[in-house]
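After this come two complexes, each holding chain A, first together with chain B and then together with chain C.
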Partner chain A sequence: MTDATSQGTAAPAPPRPPGLFARVARSWTGGIGLVLIGLVAASALAAPLLSPADPLAQQLSAGTIFQGPSAAHPFGTDNLGRDVLSRVLHGMRFSLGVALASVGIAVAIGLVAGTLAGTLGGWWDRALMRLVDSFLAFPVLILAIAISVALGRGAGGVILAIAFVNIPVFTRLARAQTLKIEQAQYMTAAVLMGSSLPMRILRHTLPNMLNPVLVQASVALSFAVLIESGLSFLGLGIPAPAPSLGLMIAEAKAYIALAPHMVAFPSLAIVVTVLGFNLLGDAAGDATDPRRRG
Partner chain B sequence: MLRYLAGRVLDLVLVAWIVATVVFFLLRVIPGDPVLILAGIDAVSADSVARLRAEMGLDRPVIVQYLGWLADLLQGDMGTSLRRDVPVTTLVFGAAPATLQIAVLAAVIGIGTSIPLGVAAARAQGRARDGAITAAALLGISTPHFVIALLFIYIFALGLGLLPTSGYVPLTEAPIEGLAHLVLPALTLGLVMAGILVRMMRRSMIDELGEDYVRTARAKGASERRALYGHALRNALIPFVTIAGIEVGILLSGAVIIETVFAIPGLGRLMIETINQRDYTVVQGAVLLSAVFYVLVNFTVDLLYTALDPRVRVAGRRA
Partner chain C sequence: MTAAAPVADSPAFEIAGLSVAARGHRGETALVRGVDLTVAAGERVALVGESGSGKSMTALAAMGLLPRGIRRTGGEIRLAGRAIQDLDDRALRRLRGDAIAMIFQDPMTSLNPVQTIGRQLVEAIRLHRPVGRDAARARAAELLDRVHIPRAAARLDDYPHEFSGGMRQRVMIAMALANDPGVLIADEPTTALDVTTQARVMAILDEVCAEAGVAVLLITHDLGVVGAFCDRVAVMYAGEIVERAPAATLFERPRHPYTAGLLASMPPLEADPDALTPIPGDPPDPRALPPGCVFAPRCGLADARCRAERPALIDRDDEGGAGQVSACHHADRVDRPEVFA
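For the complex of A and B:
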């Protein structure tokens, strides 16, 4: 790996290593990941503009249902004559939205809980970690199923269920990072200079755990997309007829011999999204851990 | 060692209790009164609702319900199905064997393929063979179970007509037919698991191969085979076992989806079916049993880990 940066900068500050983003973008796995996620994010954002048809509009006649890919319907049509491309685009929009919202919630709660546990220690730390570990004692999808059933169907229930299963990982990570950062010399210096505890957390602890949290967030996003698709495949996500990738595939299963494109395109959308986040996570992990290369 | 074991068993009991508590309270907040659901829309006379409520014990305070439920649970009683007049234990233990068969077969496939592939990739680090194995593993972890399952159904069952694509035959009744029904579900689960484990195995094998003791072994004239399998692999397996254990537990998650796709009457499908029928006592039992399996697997892995890595044992004794 060549390292030609940081020397050439004319800034008065001491040379800093290139940021996480730059290092990720330079590795080829990270580059592909960024391109894939860029494409997915762009199509999700622009879904209403890119869709050739209304994702819910049905056209029920012998000539309009189960059509293979064509110029008018690039991804074909489904059993109700709906345009599969439009449904896939809106499904990606939903998947990505759920993933971002749930991981955002998990990061926020996990950081607060983990940082507090690491800083305060003692009784609070032990109780919280015991609780976190007991949630790790559930198989992830089964916990998500139980929570989404308890919360009722709909986007809110799905987001909270996925957020919940991700909280333990971020809590453990934030706690471990807090303990590590507490040992750093700049922390001792901050204590000696009379910096208050909340100040130290805001100025040192949280900024210094940003990179590992970003790495974990990328992995969590790929996970979130998988769980969301799994829940909606099982019929526990948002109710039909809303376009959700998992639900589309579940409905298409019955027609797999007749219209395989109904399964193939939504599946491809999920795989591309998850693959993109995994590549990003791998590249970010390699970039932050000097031991991990190749 | 005995003390270590006792501590672990105590931990196990504690986790099992917390899991049961979480399951109880989680499924108690479900929207929709189980009594109204059971009574049906037509039979909602206030009288019969109240009688049903008392019958099911739902008129008591939640904490009393909880303690009663826990006491019953300790005696192996998970209550009665809200829909059918059958004990929950009969339903969940009746469904468990199918799930366990798939999980065991999938674990054998997943672990059996990932160790040689991970070692092969690590030895060829940076070369084409490594690239191909790594890319395949990445694709494996990026594909949902149900997508792989449907691909298999499309290729094997519809295209080639080789294997059955749905249903379950108990192995005890017709071993060959039973096994044929298990192949595609187990292969699907096993391949996704292998994707994760290959990456893990490759990573820890690369780390070990870079260690001094491997160089020393080679310098002392140990055969390549001995340096690789006698030294590096033995150590690389320690982190691998932990992850493999977690993954075996995660198989139970995958099984929910696989059983739905392949119409296998296991725990996962029972869970989804009873969720749709709002038969919450059965849902509770199925979730609880899955979680307990998961905890037991992790417990076993911990013990295995201790056998592999004496340091854990020593640390445990000191504590």
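For the complex of A and C:
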């Protein structure tokens, strides 16, 4: 009786603890991260609307190239007289798109492989984990360059290269989470209810690993932006006229003394994007780790 | 081992000659040896013993859920007369949560933290019943109400962390009884709860089991719970059943020194705490069981015969205890512990 009255009818139900998103937004770093990523995402989405000019339109005359920031061209113009702001906005669109697509692919493949490895165990688990370990042993950028070279230029190659270097990370994470969740009593309870293995994975294993996967994904997104810029800088991204942040910096480095804004603005865009994802990932990590919860 | 006499109308749940062994580096180690146990519909039977006595292994074997490396080496499990130990995984899945259900020790982690109580109850129902979401939800609310969760319908959308430990165990009881199983195995259902909550949960378990007429096998080391809840008791020691008796008889007149020892080590309310007598020594290593009676090394009554010859489970009816069996050469010399005098 005591139980029922003190827990149920008398006291109102305790407020639901805030979800991951609310906890992240409440912290300093998470709040700033969300704002930065919000800005980046909004400008990337609205790039065609926000751009003052066509990012590919050239204006080749002495008065229109290498111009510093002005009202007509807030970020100035480049060596071909193209509007840098428009190119940065479109470059961010490309970078974010590549990052989201590649991390999305990596999450999908990594979750399936890791969950299977953790659930099935045995030789499949051991073989897969040795494979994953051998890929994790490569420096990320070197591996991405190698894959990108093998796949050829273009957005598809970049996406697959970045996805590939992230798959081992998510596979390991999903496997570790699966093993942890397997130990939980609700998995035994599900077996006792007559639930089948695929059903248990869908209803219990995957939903319970969502938070750590989201945390890892936001960190992976920041690396994806960096890798994409790196690949483009090296000429392994999309081909030249298309606006890509890394490519813009590569082109601009020849004129760094003459027109420093050509390097500064794309670099700033990368910094803001990577910083945003990093802060977000940090805050999400804090929010999901009970030992670090303030 | 005396085999259970065949009965015309089969009991709801029956374990016959169950043996379980663990594979090791040097052959198999028997963990459960020749356990016989029957539970009739509506009856509550307790399986009592200390940690490592094999009582949980018996329960897991009954559900067909022995951990890797441990297997059933003999015996039968029967549900309403039907042997289920050799069924394949799919057939077992159909029985679990439907004909036979189980609740266990830790209610804090028995529910999926990221799903609402209602969703989990609905899942338990729909796994076995071809009913729609709404019908299952109505049934879920009714189940929560049956285990006395206040404002049951409103609480379906709450998450497990919004329930106390006792309420979570009540939810587990509701879930176990969702499909009106014939048999419920309760493995230490209240061990993780505090004493007042324990009493409340056992009272609710008592009530809903009586309503449902379900056969209950209660696995516990808490003799206090047994006395209040169970009709009959089986005492397990080192993988064997050493005594079986109606609960009242067992408390009144134990016929195995181990049972007497268990009773003596139970803290009574009014007695002097110094009167508590622990059983000396430790249970034997299952890899090196004594040749005679498994309890002989710890037993005050043990003599040369006990150390050489393993006693069989013998009917003690002639000594006045109806339905009492015990495996002891000196059953007539077992004293009722002082603390109960």
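Throughout what follows, the second predicted complex is superposed on the first by the 276 of 294 C-alpha atoms of A that agree within 3 Å, B and C clash if a C-alpha of one lies under 4 Å from a C-alpha of the other, contacts with A are read in each partner's own complex, and residues count from 1 in each chain.
Heads up, the rule we're going with is that a residue touches a chain if its C-beta (ideal position, glycine included) is under 8 Å from a C-beta of that chain, and two chains touch if they have at least 3 such contacts.
Only a predicted model underlies this, so the values are computations on that prediction, with no experimental measurement involved.
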item: First (chain B), second (chain C), both or neither touched by A:Asn208; value: second
item: Superposition-derived comparison: chain B or chain C, residues of chain A touched; value: B
item: First, second, both or neither for A:Ser195, with chain B first and chain C second; value: second
item: First, second, both or neither for A:Gly235, with chain B first and chain C second; value: first
item: In the complex, chain B residues that touch chain A; value: 15, 18-19, 22-23, 26-27, 29-31, 125-126, 138-139, 141-147, 150, 153-154, 158, 203, 206-207, 249-250, 252-254, 256-257, 260-261, 271-272, 275-276, 283, 287, 290-291, 294-295, 298
item: Of all residues in chain A, those that touch chain B in their complex; value: 130-131, 133-135, 137-142, 145-147, 149-150, 152, 222, 226, 229-230, 233-236, 246, 249-250, 253, 256-257, 260, 263, 267, 270-271, 274-275, 278-279, 282, 291-292, 294
item: Contact footprint of chain A on chain C as seen in their complex; value: 63, 65, 93-98, 101-102, 104, 106, 109-115, 123-124, 127-128, 148-151, 155, 158-159, 161-164, 166-167, 172, 175-176, 196-197, 200
item: Of chain A, residues touching chain C in the complex; value: 1-4, 7-9, 13-14, 16-17, 184-186, 188-196, 199, 203-204, 207-208, 210
